[in-house]
Amino acid sequence: MSNKKIIALYVLPSLLLLAGLVYIPIFLTGYYGLMEWNGVGAMEFIGLDNYMNLLQDPKFWFSARNSFFLALFSTLSLILYLAVSLILAGKIKGKELLRKIYLIPMLLSSVAIAQLWIKIYDPNNGMLNSLLQTLGVDSPPAWLAQRETVLVAIFIAIIWQYAGFYIIIYSAALKGIPASLVEAAEIDGATPIQIAYKIKVPLISGVIKTTIVLAIVGSLKYFDLIYVMTGGGPNGASEVIASYMYNQAFGIKNFGYGSAIGFALLILALITTWGIQKLTASKNDSIQF
Amino acid sequence: MQENTKEKSKGVKRLAMTALYTVLGLVAVFQIYPLVWLFFFSLKGNREIFGRSPFALPEDWLFENYARVWTDGNINQYFFNSVFITATSVILTVILASFVTFAITRMKWKMSGFVLLLFMVGYMIPIHSTLVPLFQFYKTLNLIDNPLSIILAYTAYNLPLTIMILMGFYRTMPREIEEAAIMDGCSVHRIFLQIALPMSMPVLSTTVIINMIYNWNEFVFVNTFISSDKYKTLTVGIQNFIGQYLTDWGAIGATLMISIIPILIAFFFLSNRIVEGMAAGSVKG
Amino acid sequence: MLKKRLGLLFALMLLVVGLVACGDDEDTSSGDNGSSGDNGSSEEEVVIDFMHLWPEGSSKQHNMIVQTIVDEFEAENENVTVEMEILGNEQYKEKLSVLGSSDDLPDVGMTWGGGFINPYVSGNMFADLTELDTDIFIPGTTEAYAVDGATYGLPLELNITPMYYNQAMFDEYGVDVPETLDELKAAITTLNDNDMTPITLGNRDAWTGSMWYMYLADRIGGPSTITDAISGDISFESEALIQAAAELQELVEMGAFINGTNGLGNDEAKGYFINEQAAMYLMATWDLPEWTTNEDNPQEFRDSIGYFKFPTVEGGAGDINSYVGGPGVGLFVAENSDVKDEAKDFVGYFVERWGEMSVTDAGVIPATKVDTGSLDLPQMYIDILNDLNEASNLTLYADVQMSAEAADVHLNMIQALFMGEVTPEEFAAAHEEALRAE
């Protein structure tokens, strides 16, 4: 069998699946974006109107701003996840058990996680404000009800939700580092921190780069907890692109416009990913071997 | 010399280690607590769930929430469907993703970069923006209310993520063995099956875990594409307790608790595989 | 054409991967509104697909009544089978959207009145049910489902919105049931002085806060104020509507509502009331079972709950017997249903039987006439049903009356008003703009 045939055999099934279930729908979405459509009945072709309106829609740009904040927040939190993974990859007693425990939140469905955090943030009976009151804070904020706090409050919940996801990836990557390399460094007198920083991190840089892309793109399309915990409110304060799209398409039946937002989100994600690739590209990291 | 430094810093080191363990322990408590909380939640009624102390022990332990979930909900059937759909899609996703990753990282061809990009774009699409077109697409294929629609959707939508994770590892996997194998005249298929696949075991388990959790908890697709009760999954079972005006939160908690147990067991089993898989891999390495 | 070719390619691909759909075909037709063609005789087997939102788990009594009605209907019409799909509230709406977008509605389903049905009616998806709009309904209830004189949905419930209060708490702090806004404010001050939350309100979804605004507008400007402003007969920037916003903001500022109301869902807000952490709760009569029959709440608590009519405003044009409320869900029949005649028969049968059973068996006030004399009901139900008989006006929830887009602006503005992010004038101006944009 020639290499071409083998490549086709290996790649084509997945590609067809993707084409059918992801690409056709997303292009249809882009196409609906050209329509005035309430989701029911006849569509009316209106050209690029939806897309032009989108560019001038302050609510869209505000939600995009929030999504990018989340992306930034998530990317920075990778440092924390990486640190935890590095510690757990060191000589820690009970690290296997600890790692498993750390991954538990990841198993919970977002329904459960949202309920948990709603109860943590409850302004009057919640865990957080009870704690703050015990510590002497007189009138702690109503976290999910105020413009100033709502975003950070939800972001923290999201970051907690995803901790397991990244820790499991980093841990698997760190396990792939040959023990001999670490041992050699130890013999040379390197401290655990030096080993982590100078040997382990560079060795898994490819994986780190992947997680950066995952964190940013994942943030840009993030929806679950925001929808359940605030629905994008109060007064749109926690709206992100995906929740804005959902509210437009399914909430107020502005289906054409919602589709345009969905398609714009894809474009934004593409541009951002391309930017990351440019920024982090290095010579020994080309795609082909 | 080295011994000397160690002696000096021993005290500091011990202190630092104690602090580290304390922090690790605290974090562990914070991570495991939700399970305990969910368990308490599942034994309460609405009044207590929305009561003064949402984190306290239940006043009366309402085990009948569980009884109700078993009898009212079609839990047995949902459970079986969840297992079947999750297992099938996970296996399909991981195998297909391995093929693709192998072809992209291990073989030389012009379009590989572009194909990788095509997959990455797949990760950038929020499911709600494809829901309606996907429904229409399935309708033309007559796949509505057919579990296949769910399995295929899960596979297609998780392939990009799976490929991206696998990619990071395949790039760092040593190539010497494969090169030796090529010299020995091994076919590409054998290299893939007997060398690349076993070597990627730890990361494969990782992707299996991630896929498994995602599929297990997914409900938007099931909700939209499935209408017969006999094909619905556990996450949809939760809806049985969401009413027009009154939602039975305790029963939802019980359903969540029941649905988390199998995934917890599977997860503990699989995360051990990460360790074993690596051990096996390093022996070969 | 392109779609077909892609479909073919896709099917081919399935073969390549080695996945072939098998055995599941017998049921795929249920999504296409039943398998019976319209060329058959009337005695042909007929399947009616019926989608509703009363699952057994959360709405046991509703669910049982539906099952009873379906069984009865099937017994009377031997060739008919009713197949039900049951979803939770949110998921129901989402699925209806998707099905609607693909012209694939169930034969019979549930809909809401007002702005909700407009797209379905203009898209020619709901069948005209005017022939079934008979005098069994309380006059005016089917109007919410009417477009251009034709009725497209038959309501199953009717709610008004009283103010529930905790009598024990009122007694403890010496608060009397307020009949005017000033008395209400005095009550709020007294409760606040005693460190008791006066009013719980879950304004995360804002339709709750909207009811407060509507009542204030009603009491200040008179019963038709909101409706007229929405329909464009008067400007939303008229005096009464601005003053109502100002009054609401004043209530917010004096600490009438629970801390963090904009972040609380209705279930959480109600939790404060049930746990006796707040004294008053404005909510529709669908919550009556909570204060009468729900065993989850202690008997002592249920006994201490009463209700009063929303207070009048001194010098206002309002009437204390005017209510915010209206019909909730109703039934529709899909226009493209293959079994439209049978579906209409079913719907007609359903509303009638539902009206007979729902109050006593599920504590739902139906939109059909109820003979209170012959029923054994908790006192609170009887009082409410009497109030309903004496009602001078019923104003349909503003967010239901408005088009979806205007409703979105309205709900956001309500939150903004509570947050102090807009002035009453800006609040009114934003409404005027959104309502006239259509």
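Chains: A, B and C, in written order; residue numbering restarts at 1 for each.
The rule is short, and it goes like this: a contact is a pair of C-beta atoms (placed from the backbone, for glycine too) under 8 Å apart; a residue touches a chain by one contact, two chains touch by 3 or more.
Please read these numbers as outputs of a predicted model, since none were measured by experiment.
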| item | value |
| --- | --- |
| Pair exhibiting more inter-chain C-beta contacts, A-C or A-B | A-B |
| Farthest chain relative to subunit A (centres taken as mean CA coordinates) | C |
| Whole-Å gap between the CA centroids of subunit A and subunit C | 35 |
| Euclidean distance of C-alpha centroids - subunit A vs subunit B, Å | 15 |
| Residues within subunit A bordering two or more other chains | 13, 17, 20, 24, 39, 122, 125, 249-250, 255 |
| Per-residue overlap in subunit C, given as positions that touch at least 2 other chains | 10, 17, 94, 97, 101, 268, 272, 277 |
| Two or more partner chains touched - positions in subunit B | 51-52, 96, 132, 136-137, 152, 238, 249 |
| Contact set on subunit A toward subunit B in their complex | 1, 3-4, 6-7, 9-11, 13-15, 17-18, 20-26, 28-29, 32, 39, 84, 87, 92-93, 96, 98-113, 115-116, 119, 122, 125-127, 163, 165, 168-169, 171-173, 175-176, 178-179, 189, 203-204, 206-207, 209-210, 213-214, 217-218, 220-221, 223, 242, 245-246, 249-250, 255, 258-259, 261-263, 265-266, 269-270, 273, 287-289 |
| Subunit C residues touching subunit B - in the complex, by the definition given at the top | 3-4, 7, 10-11, 17, 19, 21, 24-25, 27-28, 30-31, 51, 53-60, 62, 85-91, 94-95, 97-99, 101-102, 104, 267-268, 270-272, 274-275, 277, 286-287, 289-290, 296-298, 328-329 |
| For the subunit A and subunit C complex, residues of the former touching the latter | 12-13, 16-17, 20, 24, 38-42, 118, 121-125, 142-147, 150, 230-231, 233-236, 247, 249-255 |
| Subunit C-facing residues of subunit B, complex | 45-47, 49-52, 68-69, 72-73, 92, 96, 131-132, 135-137, 139-148, 151-152, 219-220, 223-224, 227-229, 238-249, 251 |
| List of subunit B residues in touch with subunit A within their complex | 2, 20-21, 24, 27-28, 31-32, 34-35, 37-38, 41, 51-55, 96-97, 99-100, 102-109, 112-113, 115-116, 118-126, 128-130, 132-134, 136-137, 152-153, 155-157, 159-161, 163-165, 167-169, 171-173, 175, 187-189, 192, 202-203, 205-206, 209-210, 213, 217, 235, 238, 249, 252-253, 256, 259-260, 263-264, 267-268, 271, 274-275, 278, 281-282, 285 |
